[in-house]
Every structure is written in C-alpha cells, then in structure tokens.
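Structures are listed in the sections that come next.
After this come two complexes, each holding chain A, first together with chain B and then together with chain C.
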Partner chain A sequence: MIRIHVLEGAALVWSAEDAREIRERFRLVGTLVGALARKPRQNARLGLPLQLLPEEARLLAELGAAVLVRGTETQPPAEGEEPTQAAEVEAYQRELEESYQEQQRLAGAERGALLAQLAERIAQGRARRREQRGETPDTVEDSGLLDSPFVLPRSSMMVQLPTARQRPGRVEQVDWTSPSPDWPHAGRPAHEARYRVFRELWGRGYYLSGGSKFGGDFLVYPGDPLRFHAHYIALCCPPGAPLPLRALVAAARLGTGVKKTLLLCSPGTGGALAFTSLQWSGLQ
Partner chain B sequence: MEAELEPRAGRLFSPAELVATRTRDRKVPQHSHGQKDFIPDSSEEQAERLHRCREEHWQLLAEERVERLGSLVKAEWKPREGIVELKSPAGSIQLFYRDLPLSIQEAYETLLSQGTVSLLQYQVFSHLKRLGYIVLRFCPSAVPSQYERQLNLDSYCKSSGKRHHKRKRSSSPWLQDKKPKASGNPPEGEGTPEKASGSCGGPSHPASGGSCLSQMSKESDPASGEGESAQVPTDAVQLSKPPSRSQAQAGDYGKAAGDSCSCTHLPRWDFTRIAFPNMASDCPHTFLPQPDERLLPENVAGREADATRWRKLVNQKREKLTRKEREQRERESRYKSSVNADREVRRCSNWQEYKELLKQRRQRRAGRRPSHLWDQPVTPLVKPDQVASAAAVLQQISVLQPSHILDGASRLQEDTEGMKIDFSVYQADAVANFKKNNPGKPYARMCVRRFDEQIPSLRAVKQLAYQSEDVPVVFALVDNGDIAFYSFKEFKLPVDIYN
Partner chain C sequence: ARWLGMHPYLTEMMSLDVADSTQVYAAFLVYLDLLEGKNWHHVTCVGLAELQLVCLRGREREAENLQVVVPTPVHMSFTHQRLREIMQKACIPQDETDSPLSVILAIVESDSTVVYYKLTDGFIMPDPPDDTEDMDNKQWRKKRRKLLR
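What follows is the complex of A and B.
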C-alpha cells in the first residue's frame, strides 16, 4: 500500500520505492521537490519528496492503491511525555555504537588488505632506508606495522541523514472525500472538474503533469515525460462559464508557440466529457 | 484507524553501505539521454532508452545523505522558541529533537507545521537557496525608507544595533535553514540571536540604549507650533550644532522597540498627533513643555526646557563662501533674483498666503488674453507662457499620463488582501557585499502565492511596492511543486519628440 503524506494540502511521497511504483505501475508522474542527495545545490535535478497533484493522489486513493496519512506528532508534547523518549534515545545510541564498531572492523579489514598488497614494497622501502642509515636488517620489525590495532576515529565514522522517517511514528489516515485542513480539496468545484478531466485522459493511456508552465491545467504526454514531449495543453473549462475570445486566442497562440495543441475540456451533454482541440492553421 | 496502519520505517543503510558511500560518484547525469522521441512506437530502442533513463532516475532517488560524523554540526530543534539552535556555527547540520535525530520527512512535518513558515514558502526558499541566493525573512519595520537612506540613517541604526547581539526575541520565531544538506552548507545556519539583531533589529534597538538619536528634518508648521508638546527630549539639546529646523525623533524609535518586531507593518510616525514647535527667531515662544512620555524611551526622562539661550545661538555663524561660489553668486545676481527679495512674498506669513499670491499673479497675467481666442466656445489648449518647447506642448495635451507604480501608494490603507512580502533575496557575489549586520539593498523581494489564487489587484501591487520601496517585488507562484517567478516591470512609452 503506497503511503501518501499530506501536509497543508500537498501530497508528498517520501519513499523511493513508492515513487517508482507510482510512476511505473500507475503512469503518474508528480514533481520532485526536494534537494538531490548527491548534489543538493542545483535545481536541474531534484530529489525526494515527490509531490503529487491533488488529482493524482485522489486517483491513487480511489483505486485503492494508496492511503492518505497525516503525521500526528506535530505539536510539542506535554511535559509528562519524556520517559517514552528515553528508550528510543537508548536504542539510537546503541545502533550508533554498533555501526561504529562494524565500520571500524570493515575499515580495519580494508586497511589490512591494502597493507598486505603493498607488503613487499613496504619491506623493500624499509630495507633500503636501513641500508642508507647503516643499520642491520631486522626482519622482526617488518611485520610490526600489520599488528598494530587499527582505531577508527569517531569523527571519521559515516552517519546517514535519512530522508524518510526512520522511527515508525504515529500516523492517522486522512479521508480524501471530506475537506480538512490538511486536505482541503474535497468538494471544491474547481478540483472536481479538474479531476474528471484528469481521470478521463489518464484512462485513455496518457501521462499527465501540471500545466501551469504553459498556461493550462495539464500537460498531456503520449509516453513517459522522461522520453517524450507533451502533445497537448489541456485547459478545463467549467460548464457555463464565459470564455472570452481574448483568452482563447492567447491560449491558442501560446500552444502554437511551443508546438503543442490546445485541448479544451468541458463536461458535455449526457455526462460525458467533450474535448475540443485547437490548432493554428493558415488561411488555406 | 491507527491499528490498520502499521508503522513503517524508511530505508536504513547498513554499515557496509555507509562505508561504500565514500567512493560514490559525485556527478549527476543529465535527464534524458539524447533527444526526446516524438511518439511512442513500441520499438525496442525506445523501450531500452526509457528503461535506462528510469533506472538512473531511481538510482539517484534511492541515494541517501551520508556524511562523516566529524563534519556534522549538532543542531537542536526547540519548538517552544521556534528556533533551531546550532552548537557551533557553520557546516552541515544534523538536526536533533529531544536527543533523537530527525529525518527530512520529520523535519518537514514538525518544523513546517508550526505555522510560521508554510510549505509553499519553504519550497520557494529552498529553490532560491539552491541557486545560491541569500534569502532572509522580510521585516517591514526594518526597511529604511528612501528618505532615511538619503540622510544616511540606516547605517547609523545598524551600527548601534550591534550592541544587542544576544537579545532573545520571543514573539518572532526565526527559523534557520533546517534541512541537513549533504555537501557543505555555507554559514547560513548560524546562531539565532545574531540573526535577530541583524535583519530585523535595526531600528528597534537604538532607543533601548537611550542615548542614540536620529535626526529627521521635517518642515515644521509654524502656525501650529505654539504651546504643543515638544518632541525634543532634553538630552537632545546637548548637540554641538543646534538644530535650526530639525527635531530629534528618538521617541518614535522607542515606540518601535516596545513593539518587538513581529513582522507586521509598524505604523510610522503619526504626524497628526506629533507637533513641532517653531524655534525660529520670529516666534517668541521659547518655553518648551515636557515631552509626552509615550514617545520617549524607558530610561530617558523628559523635562521642560527654556530655549532662549539656544535661540541666541541659532544662525550665528556667518557663511563663508569660496571664491568660486562668490563669483558664481555675482554672475547669477545679474539675472536671478531671490524669491524672498520680493516684498509681497515677504508679507506672506505662511504657505497658504503665498499660494494665494501666486494665484492672484497668475490671474492678473491671464487678464491680458485676446478675446477672439478665449471668448469662443472652443479655447486654446495651451497658453504661451505655459509652454516653451514641443515636448511641453505634448505634455500639456497628452491624454494618457505616465504613471508610476508608487503614485498614490502612500495613501492606501493597510489591507493588502492577505498578501505580504515574505523574503528579501540578496545576491551572494563579491559585488553585493552582503554582511549579516549590514545586508545592503536586496536584489528582489518575494511574495509567495499559490498558482491558482487570484491575480493581485493593482491596489495590492501598489501596497507591496510601497512596502518594498525601490526594490522590485517578485511574485513566486507555486503550482504543486513547480515554481514560476513573475514581476511587473516599469517601462516608459517612447515619445516621438526630440527633447
């Protein structure tokens, strides 16, 4: 079950495995909004968490593939809550110590292997130096280097700064059908209209992503956005709302300028959705 | 509800994996290998390329942040104070809360839910920081107005604020950069007390020192000067240069200090309640009553003063002109005459009378108008004495007047439809000379909004521009993780006249 954490109306996914499943199995793209662990100081490629559109999160919840949760440990606890922490702190310290011991062992083994590899060269170098200094060769001393116990300084220990929550925390499920402070989208007419369009287009096999960069509601791709350009800019028009010609021309021009087709989506007659595409053609 | 959701922990690296990260690649490969395809054609090549892109994508995402323990600085989250305190300045931080390290997810959920910084604001903040800008919270009372900058007041305030470094501010939580970034944070995450005095403490600190003064030249209204409460704290009269028409305004800084910077727009001086006595030689009143205590800092006691002695010292020094200035004066006296040389002007005792005089003079001149032009239903648009060039004529008859964003902005009320400036953004290069205590002029000011919210009305844009003085205001619109920056630019319509 994929877990989607909601925070102030944003749907975040913190697990890389879940993100993979969402994309590969469910054809939902989302946006990465965190810093990439390998190279945080750039914006070309971002990392976890993955932020999903409200429509994407709702689709996953409706399909039963995901559950919306909210962390409950957000308020500073009362004074009496300290004792439960002590056990966790102890466990953490123990883990840290075990990791340290293991890392020391591994580092020692690595160093030992390296020294064994270069043992001959070290011995030769030693012998040469002793000859220069005029001493007698002493074979016992040679192996001394390998016997001294290796101590890894504590500060050289590697520590993980985890992205996703490590200690299981208390979470509670959020009902996506009713509005709440963390999930205010339920019931809003704009969201409902967008969701209908989203569901329909997704059902036809397209990949969808946010379209604000191109002045629309969604961008419609024929395949994974990693490898394909978008074909359509989908604009959701609420039924009965006036659509001034100026706005229509502006949207169509924008679409043409970026080589995409404008797709006007609106609930049509009989409950089905009607799609109208606009392409700028010449006079012929 | 809770029983159904079994607690789930994130991925934890084994010690072997941790050691292995030391040698992992530091470069980030590009997004899509090669040009993108146009349409999926279920070919092997396409599938292969897609597979490769995806594998790389997941591999990058699965990497975790691993650091040497020695290069991490311990930082403690203190929810009651709303700050993160670092044990030592600078470096990558490991965030702790009650002795347990916080993961990034927990940091998002606990630090951001306090209400001081929203998720949207954090997303914009981190976007800008990743690009290398310096981003500080915006505090409206700390913005020196253009006038203050002209008088060089802002540098004075900042330097006296240095005394109050360790002052704890309880009502304005300051959140530092709290996300542990793996490769080397620059020193943004510094101890909060220093930051508190730096960006927001400017004008509020001087008054608590008690002896700091600031000068504001203000046109005093001679008519209302008599007998009203003087704003001159008597400490101020120890100045070596007696103020001829300027008054000290330390009292107002006292007001600002009492109201500790809570990031709301503090009202500037309310001139309807503050009156300035007339200290010029034509006004006989020399007795100044005790100033209003509310306008003085706590440890300054005001008392009455008799300014007779001071008045005698005013305007005593004879002006010494250099030879060049004297020559210039001589030349100018041939064709220029001072306004005050006119007897009728001298008879006016205040601005109102002077304006009346000007109006009368204009009307007298206007009386010499030819009747065939001016008595018809259609009259000329311009008068000969009003315009001297073609550009002036154009100015007179133009229908569209150029307007500036700040026109009329000072008269608008406080309500900005819930919009406020969130951040000040500074460029971090050598040219900008950013220092914690003296950041200088920001590159831009950010207002963070959601993409689907209403476009701001002209009124709101004017108010924000007024708050930000001469620094451009940029709107950062966040659409589910995608950030776009919009701003209004000034431009002048070209005029087809060679001026």
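What follows is the complex of A and C.
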C-alpha cells in the first residue's frame, strides 16, 4: 500500500519504491521537490519527496492503491523513551566503527595491490635517483616501502547518509473524503471540477502534469513526459463561468507559441465532459 | 465614419435583425477583412436568430471547403457552454461525416483589429515541432505549412 504523507494540503511520497510504482504502474508523474543528498545546492535535479497534485493523490486513494497519512510526532520523546534512544545511539556508533575498520582494511589492501603493480617502476625510479646522488644501489631498502603501516584517516572515511527513515515514524490515516487541515481539498468545487477532468483525461491513457508554467490547469502528454512534449494545455472551465475573450486570446496565443493546443474542458450534458480545442487559425 | 454606415452590405446585415448593432458591426468589419484583407474567394452572411448572432460563411480559395466564421466584439463574454452551442448551431455539416464540428472565432478589437482563432470539438493535436535541419530550408518550411493545413 502506497503511503502518501499529507501536510497542509500537499501530498508527499517519501519512499523511492512507492514513487517508482506510482509512475510505472499508475502513469502518474508528480514532481520531485527535495534536495539531493549528494548535490544539495542546486535545483536542476531534485530528489525525494515526490509531491503529487491533489488530483493524483485522490486518484490513488480512490483506486485503493494508497492511503493518506499524517505524522503525529509533534511532542519530544517522553521520559520512558530516553533509554531506547541511548541504545540506538550506541548501536549507530558501533556500526560506524565497524564500517571504518572495514574501509581501512579494504583501502589498505587496495593500496598494497597498487604498490605491488608499480613496484618495478618505483624501484627503477629510486635506483636512478641514487645514481644521480652518487650512492651505491641498495636493493634491501626498496622492499621496505610495502611494510609501512597504512592508516586510513578518519576524515577520509565514507559515511552513509540514509535517505529513508531508519525506523517508521508514527502516523495516522487521513480520510480523503472529508476536509481536514492537512487535506482541505475534499468537497471544494474547484477541486471537484479539476478532478473530474483529470480523471477523464487519465482514463483516456494520457500522462498529466501541472499546467501552471503555461497558464493552464494541466499539461496533457501522449506518453511519459521524459519522452514526449505535451500536446495540450488543459483549462478547466466551470460550465457557467464567463471566459473573457482577451484571456482566451492570451491563452491560445501562448499555446500556439509553444506548439500546444489549448483544450477547454468542462462538464457537459448527461455527466459526460466536453472538450474544445482552440488553435490559431493560421489566417495570414 | 458616415460613409461606412451607408455601406449596402452593412445595411443588409442590419436588416437580418437578429443581433445587436455592435455584433453586426463587428461582423461587417470581419466581412471586409476576409474579402479585402485576406482575399477570400467568397463570403456571405447568415443570421442565426437562436444565437442572436450574424455569422459569415466563406471559402478561402475556390477549391476549398466552406468555413464558418463567428465575429464578436472583444467585450462580449462567452461561457464554454455557449461556445459549444454556437459550434453546434452555426456549423455546416460537412460531406465527410467524421470531420469534427469547427468554427473560426473572429475577435474584433475597438481599433478594428481582428484576430482569428479556430475552435474544434474534441482533441486536435498541435503541429509537430520542426526538425532543426529543415528550419534552414525556406522552401521546405513553406511546403510543410501548406501540407499541414
């Protein structure tokens, strides 16, 4: 069961396996919004958590593939919890020490192998230097190089930073059908309208993502966004809402400029959805 | 301009008595633009009483299909519902029944500029992006634009 953590209306997935399943099995893309542990000070490539649109989270919940949860650890650990923490700290230090010893052993072995490989060249270099200095070559000294004890400096040690929590935090399930502080979308007319359109487009096999970069509600792709450009900018129009013509022209012109069709979407008659494509006419 | 108000075609459109004067005037400006500005082969006006609009029908070139143009002053507001109603009622059923309902919305600004946008029922894929190599070839780009129309 996929766990979606909700926080003030945002839906976050912290597990890499869940994020992968969401994309591969459910054709939902989301956006990575976290800093990458190895490359923190840039935002060209981001990491977990994966943030889902409210519509994406709801779809997964509706399909029964995910549960919405919220964290409940708002208090610092109680009195009785201190001993377990101390035990965990001790275990962690022990693990670190074991890792260090292992790394030292491996580094030492690697160094030894490298020196053995280069032994001949090192000997030649030393002999040449002795000749230059006018000393007699001494072969006994050459082998001393391999006996010097190797110590891996603590500062060179590699340390693993876990990108998943070591032990699961306390969470409680959130009912996605009724509004709450962490999941306020349920029942809101704007959300319900957007969700209807989202579900319909997803049901037709498209990949969808947020459309705010292009002034729309969703971007509609014929395949995975990593492989395709979006074909449509979807705009959800409530049936009775007036569309100012200037706004329509602006949206349509933007669409033409970025080679996408503007798609007006609204609930039609009899529960079906109506879609209208808007394109520049091309009249010169 | 007074002479414009006496143009016989404008009087003809007014006499249809289906829409208010701003919409009729917009329709007249689009009529002139299509015939004189865009050199359309043939343009006539049609009054749609149900929709309270004067629409235009015409052909870009002699051999092409009849298209429906819906003129509107920029301040008029539409709901998506109304746009679809217009598409259903103004459209000409084409011979090939699988071609979707489509109209051209002609939006007229207060300074008489007209912008034309095509509305079609359903999902119409955008033109594919041009291959970077072909961008250098002017002839190819011209041909391609004609082909994709």
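One rule holds in what follows: the second predicted complex is superposed on the first by the 233 of 284 C-alpha atoms of A that agree within 3 Å, B and C clash if a C-alpha of one lies under 4 Å from a C-alpha of the other, contacts with A are read in each partner's own complex, and residues count from 1 in each chain.
Keep this in mind: a residue touches a chain if its C-beta (ideal position, glycine included) is under 8 Å from a C-beta of that chain, and two chains touch if they have at least 3 such contacts.
This structure is a prediction, so every number in the text was calculated from the model and none was measured.
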Combined model on chain A where chain B meets chain C, clash or fit: fit
Which of chain B and chain C A:Thr261 touches, first, second, both or neither: second
Touched partner set for A:Arg20, first chain B, second chain C, both or neither: first
Chain B versus chain C as contact partner of A:Arg246, first or second or both or neither: second
Touching partner for A:His229 - first (chain B), second (chain C), both, neither: both
Which of chain B and chain C A:Cys237 touches, first, second, both or neither: second
Partner chain(s) touched by A:Met157 [first = chain B, second = chain C, both, neither]: first
Vertex chain A, arms to chain B and chain C (CA centres, degrees, nearest 10): 80
Smallest distance from any CA atom of chain C to any CA atom of chain B, in Å, after fitting: 6
Chain C-contacting residues of chain A that also contact chain B: 229
Of chain A, residues touching chain B in the complex: 3, 5, 7-8, 10, 12, 14-16, 19-20, 23-24, 30-45, 47-49, 51-54, 67, 69, 71, 73-74, 76, 82, 85, 88-89, 92, 98-99, 102-103, 106-107, 110, 153-173, 190, 210, 212-213, 222-224, 226-229
Of all residues in chain C, those that touch chain A in their complex: 38, 60, 72, 74-81, 83-84, 87, 104, 107, 115-129, 149
Footprint of chain C on chain A - complex, ascending: 229, 231-232, 237, 239-246, 248-249, 252, 255, 259-261, 263-264, 266, 268, 274-284
Chain B residues touching chain A - in the complex, by the definition given at the top: 1-2, 4-13, 15-16, 18-19, 21-22, 24-28, 31-32, 36-40, 46, 49-50, 53-54, 57-58, 60-72, 79-80, 94, 98-101, 103-106, 108-110, 112-113, 118-120, 123, 126-127, 130-132, 179-183, 451-452, 477, 479-482, 484
